[in-house]
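Take a look at the structures listed below.
Here chain A shows up in two complexes: once beside chain B, once beside chain C.
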Partner chain A sequence: MSTLKLDLENYKELLKEYIRTKDEQALYQAEQFSKHSMQHNISPEEIINIHVQSLEEIYPEMPADIQASMNFLLETMISYGLAYQEHQALREKQLELKSELSVAANMQKTLLSTKKPDFDGIEIGAISVPAKQMNGDYHHFVQDQEGSLGIGIADVIGKGVPAALCMSMIKYSMDSFPHKRMEPSVILESLNRVVERNVDSSMFITMFYGLYNPQSHKFYYSSAGHEPGYYYHHERGEFCEMDAPGLVLGVTKDAEYPQKEQQVDPGDMIIMLTDGVTECRQGDRFIEPEEVLEIIKKYMDLPAQEMVEQVYKHFEKLQDFQLRDDFTLVVLRRNV
Partner chain B sequence: MDFQSCVNIKKEWDIVGARQLGRDIAKKIGFGTVDQARIATAISELARNIYLYAGSGKVCFEAIDDMNHKGLSIIAIDEGPGIEELSQVMEDGFSTSGGLGAGLPGVKRLMDEFDIVSEQGKGTEIKVVKWLR
Partner chain C sequence: MNLTIDVTNKEHKSVVTLSGEIDAFTAPKLKEELLPLTKDEGKTVEVDLNNVNYMDSTGLGVFISALKSTKEHNSELKLVHMQERVHRLFKITGLTEIMNIDSTVQGGI
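Entry: the complex of A and B
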């Protein structure tokens, strides 16, 4: 049956067969015929034309009025045929766009890639998964010249290509900052100026920036309107919020970003995330922040990287594998 | 190249006249039912654009009969405002009335050759050809 040819003879035989038997077999072949025709870009008006010609051959005595009515039908199909062809063309275009986008997404991955640094006694886990092809979240590790570890996590309000372009800019400004001493408040102030100057005012970027000193085990942090982080006290077995006041990046030129500090004891954890984590949805319900912490607690005994991956898997499943927002989670744990 | 005939487009009714004449000529040249219907639809689109956007103009037909091929050439001419964003207009899905697949990109699909010259404030000239196969 796969050798079905779209020709008049074939159609005529099928039609005759059906008129004679009225059975399902012939209708099944009609279905195959129409699929085959579509694969060959045959428009509906051509099918009608073949039908009319077949009828003329099967019924040479067909009344002229009926024949005329068939031409009427054919005429009404022309626009459907055009819509069908447009659909084909748009589909091709869409495939093109899709592949372009995936090239861009790969480029972005390379551009924004950041290496988790190795620090004695500190364990880092990081995961960032885009909801669509391009990621509007960003995280970044850097070691400054005094040996401290800088961690930035940012979120562009908005998704897709514009957000991704914006993030590339953030990354390159961060790379160009002097690596002397990367104070969170100073970093955010500088970034704020960059964003204010360069980014459309309808685009907002939030960021949480922390600096960990592995000698003093102090963690300094500032926030530009970003989702608060969490601190886990190993001793007390409880989480508390880590937040600092500060405007979203790019709103005004001279925003200030007060800096806070936190003493980190062995076994303690620092958790930084984007709202793609805290605003996970199960059906219509937004999950509570406590649920995130519960899940983190559940996997806490795993190595940090496995832990963030398990947490991600949990929420991915909870949302039926359809992320609504980019998901980024970074965990830092002091082991000794 | 034996004859050229035109239909003036002023009223909506003239669109029907243009279709009729175009179809008659197409039939004479030897086009089958499907191609006749396609040609008529293309004429409709061209004539309706003249009627809607230029106010008036004309659609002319010319039978082509060279040594090696026969065909029908249609020229739609008006002295209306012209089309500003030609490349946009020729893009699928742009036509304002949201007619799926119709409009100028549709005309291009219905015919074998398509050529448009439009100058703002001066007018528009669209030439299309359908070859007999």
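Entry: the complex of A and C
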């Protein structure tokens, strides 16, 4: 490649060679020549210019009309040359944006990262996978000063960058709440006030917040318009919906979030998810919530983390590995 | 999948008939059509959802901003003929409590 010179001589030789032999090898050289030209930002009309000059040298007797027609062609190509330049500029810009976005995505990952806490007697599994580069889903674990475990799971509507920025706002408001006692209803009421003040009118957030007390094995929860979670009764071998009434965050200032309570027995499971799980589609068919539970049941005997990973893999495969929406699933199990 | 938006304007009422899917792709177009209608004081904006079988959360966002706009401009938003799958979304998000929704499917009663 490097021996290929971008000059008139070289082009003339290639052209001569091809006219003489009609050989494919010469055509291949022409292709190399054009690639090389692109790398050096040579415009299409410059190539035509080289072509015209070569022709003049190879055929000094070329009729004047043909020569004139070449100038015509040259003129025609100038706009293509400009379009090409613009295309190059846009490509560079795109690369720049892409790398900025991936920096932002990494920052988001760091900012929003949450550590799965080690809790005696409870096993936790959590997975969250964005459909695009940035995740509009969020989950978060926190241990309050009374030793209870708080778990929040949220979904920001829209998607992409604006949603991600919004998520960071939620995360920082949550961090600034007093860690004394993280009552779900109080947390959601405060967050609602934050979101209502700050977020543009078509953006909103759904959130499910739960608090597990490891002494009494009671689970308290409230929901702000979030996809209902599920509760698995080990002894009865049954799932039931864990729903609490409550409006999505950010719609009205004075929304209230009633809190419910659930006694957790050994082997029981608490399942929290976002609508990326229940809104899965297989072709044109929607996945019914019962199917989600069936898949969870199928992998229930695995350790909690492996279980959520297997459930994710199942739905990823079902959608041909193209997530339509961010997917988040968190499972808590009281050990037997 | 596309969304067809058909607007009929009467004196104090606009009827917006939708047909198709409301998702991240079609929602901006809906927002553009729907929001200006809610800015007329005293007007009722009725959205017919009989032919909408799928709506995602981006679609909900459009109706939430329309609702906020009616509060600001003293107009009214009414959603009619909502299908069950779509209704589930409004119910989970608590919006059925604060929005005027009539989910009787056409031909039902």
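Worth a mention:
As a convention for this text, the second predicted complex is superposed on the first by the 332 of 336 C-alpha atoms of A that agree within 3 Å, B and C clash if a C-alpha of one lies under 4 Å from a C-alpha of the other, contacts with A are read in each partner's own complex, and residues count from 1 in each chain.
Simple rule for what comes next: a residue touches a chain if its C-beta (ideal position, glycine included) is under 8 Å from a C-beta of that chain, and two chains touch if they have at least 3 such contacts.
Small disclaimer: the values here were computed from a predicted structure and weren't measured.
Of the two partner chains placed by superposition, only chain C is touched by A:His226; chain B is not. Of the two partner chains, neither chain B nor chain C is touched by A:Met300.
Legend: residue contacts after superposition of the two complexes on their common chain; A:Leu8 is shown touching neither chain B nor chain C. Of the two partner chains, neither chain B nor chain C is touched by A:Leu55.
By the touch criterion defined above, A:Met203 lies against chain C but remains apart from chain B after alignment on the C-alpha atoms of chain A.
In the superposition on chain A, A:Asp155 makes contact with chain C only, not with chain B. Using the contact criterion defined above for the overlaid structures, shared-chain residue A:Val248 touches chain C, although it does not reach chain B. The larger set of touched chain A residues comes from C, when the choice is between chain B and chain C.
Those residues of chain C lying in contact with chain A across their complex are 24, 31, 56-58, 60-62, 64-65, 67-69, 85, 92-95, 97-98.
Those residues of chain A whose C-beta lies close enough to touch chain C in the complex are 155, 157-159, 200-204, 206, 224-228, 245-248, 251-252, 255, 275, 279, 286, 325.
Residues of chain B touching chain A in their complex: 32-34, 37-38, 40-41, 92-93, 99-102, 105-106, 109-110.
Of all residues in chain A, only 45-46, 49, 52, 71, 74-75, 78-79, 82-87, 89-90, 93 touch chain B in the complex they form.
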